[in-house]
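Listed below are the structures to be examined.
Here subunit A shows up in two complexes: once beside subunit B, once beside subunit C.
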Partner chain A sequence: MKMDRSVREPLLAAVPSLRAFAISLCGNVDRADDLVQETLLRALANIDSFQPGTNMPAWLFTILRNLFRSEYRKRRREVEDADGSLAESLKSHPEQMGRLEMREFRQALAQLPPDQREALVLVGASGFSYEEAANICDCAVGTIKSRVNRARSRLAKLLAIDGIEDFGPDEATRAVLEDQKT
Partner chain B sequence: MTNRDRIHCEEVIAHLLAYLDGEIDAEKRRQIDHHLEECRACFSRAEFEKALRQKVKQLGHEKSPHSLQKRLKGLIDRF
Partner chain C sequence: MNQMKPRKPDKSQSPMPSDTTVDNPKSGLDREIQAKIGQKLRAMYDDIVQEGVPERFAELLRKLDKPSGEEGQP
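On to the complex of A and B.
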């Protein structure tokens, strides 16, 4: 018997963002794919308990996260940058952002602490609200907001954007601002 | 806008993420909008943050490999 389209389609539609989330958690594409497959298996085994009309992506992400935490976390390996060559290769100026390769961006993302990366991918890549992401991660909304903001600031730093020193007014702008003050 | 209404770069940077999230009040938004019109440096920073968000968003839209799609469709069709 073929599965109802109203269930099948949302399951398949969630795969790209589930996969991005899985990669962000375990840092390995092959393991991420296995994790997505295990998530769908678990969801299918419990599909009768899913209430139509409720948030299927949030349910799937919760399953995936729980699977990762119970089975995968111990095997997780951090991306290391012992000689600093990765950090050096990531240096760029904001004007270069348009040319920033996805590969470099991923390298920077991989250097974020896991909880920040997880929050950023849920909110920024998967489109969950702060409230939904907080439910998935079983923490407070404020915690998710703080993790997302810290992740964004850290990414900017990893890409050699350190803040006001790099973005403060240039000499000409500063002169105009000074004139306006007087 | 009077000089008293103007805000400085430090304040703009401090509120930039909330500004881009649409989580600041109308008055602060107006001040930042105005500042970004005049300050090329902060405008660049805001553009950088937008580009960064776009990159993160892109992660969730990357197509899965055909082999994985096939594997998962096969899995679903068995149920």
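On to the complex of A and C.
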């Protein structure tokens, strides 16, 4: 098939953020890249259903999110193992934060239920509005808001122990976290 | 405004909605933690974005772009 420039270029341009979303969701780079590839193929196969002039990234994120959700239902056990593989499978990027700090963050993120994780990433990192995130996740705006809040609050509990240097950990909370990890 | 802007986690006047759900009596500490969470999330995400487009995807789109190239379709 011949691909129009007006299709190919926005598809390519969306790849980096689609990957970041996919990796945040499934915690495994190889699976995330497969998910992105499937998203691109699905998008091209259904390009006629895309309304030109509307938000192409949001459309692609919707496809990716739905693919992830149907795969997640099928491979639930494997995904629940993500907190281990997440830290292992991602490349380390020590420049912005310490490797240990990054690893702890990824482990905490992987412990969130998928609906909270996707809401938090869409709003807090992908730069979508609550309304756009609600469209992507096919739910009400209020649902997205409450998922984001629950995600933040859960991450705060998980990270307050190790992540906030200024308010260092105490032994009791650290012990609780260690228990949760096992 | 009650719609949180993800890029500006600090709102000294209007506490984030999540403050009420975090089990911590000190909202200042909560804000500190929430700002930190926002930073970490974006740092992780942006690091991946900065990896750009892996060759695999550029190649895929090139292949699909060929007039006769339908072998890539599922």
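Criterion: the second predicted complex is superposed on the first by the 130 of 182 C-alpha atoms of A that agree within 3 Å, B and C clash if a C-alpha of one lies under 4 Å from a C-alpha of the other, contacts with A are read in each partner's own complex, and residues count from 1 in each chain.
Keep in mind that, in the parts below, a residue touches a chain if its C-beta (ideal position, glycine included) is under 8 Å from a C-beta of that chain, and two chains touch if they have at least 3 such contacts.
What you are looking at is a predicted structure, and each value in this text was computed from that prediction instead of being measured.
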{"item": "Which of subunit B and subunit C A:Phe105 touches, first, second, both or neither", "value": "both"}
{"item": "Touched partner set for A:Gln37, first subunit B, second subunit C, both or neither", "value": "both"}
{"item": "Touched partner set for A:Ala20, first subunit B, second subunit C, both or neither", "value": "both"}
{"item": "Partner chain(s) touched by A:Arg150 [first = subunit B, second = subunit C, both, neither]", "value": "second"}
{"item": "First, second, both or neither for A:Ile47, with subunit B first and subunit C second", "value": "first"}
{"item": "Touched partner set for A:Gly142, first subunit B, second subunit C, both or neither", "value": "neither"}
{"item": "First, second, both or neither for A:Ala160, with subunit B first and subunit C second", "value": "second"}
{"item": "First, second, both or neither for A:Ala125, with subunit B first and subunit C second", "value": "both"}
{"item": "Overlap of subunit C and subunit B interfaces on subunit A (superposed complexes)", "value": "2-3, 8, 11-12, 15-17, 19-20, 23-24, 33, 36-37, 40-41, 44, 97, 102, 105, 109, 120-121, 124-127, 149, 152-153, 155-156, 159, 163-164, 166-167"}
{"item": "Sites on subunit B touched by subunit A in the complex", "value": "3, 6, 8-10, 13, 17, 38-42, 44-45, 47-49, 51-53, 55-65, 68-69, 71-73, 75-77, 79"}
{"item": "List of subunit A residues in touch with subunit C within their complex", "value": "1-3, 8, 11-12, 15-17, 19-20, 23-24, 33, 36-37, 40-41, 44-45, 91, 93, 96-97, 101-102, 105-106, 109, 120-121, 123-127, 129-130, 145, 148-150, 152-153, 155-157, 159-160, 163-164, 166-167"}
{"item": "Touching residues (chain side subunit C, partner subunit A) in the complex", "value": "3-4, 6-7, 16-18, 21-24, 29-30, 32-34, 36-38, 40-54, 56-58, 60-61, 64-65, 67, 69-70, 72-74"}
{"item": "Interface residues, subunit A side, partner subunit B - complex", "value": "2-3, 8, 11-12, 15-17, 19-21, 23-24, 33, 36-37, 40-41, 44, 47, 94-95, 97-98, 100, 102, 105, 109, 120-121, 124-127, 149, 152-153, 155-156, 159, 161, 163-164, 166-170, 173, 176-177, 180-181"}
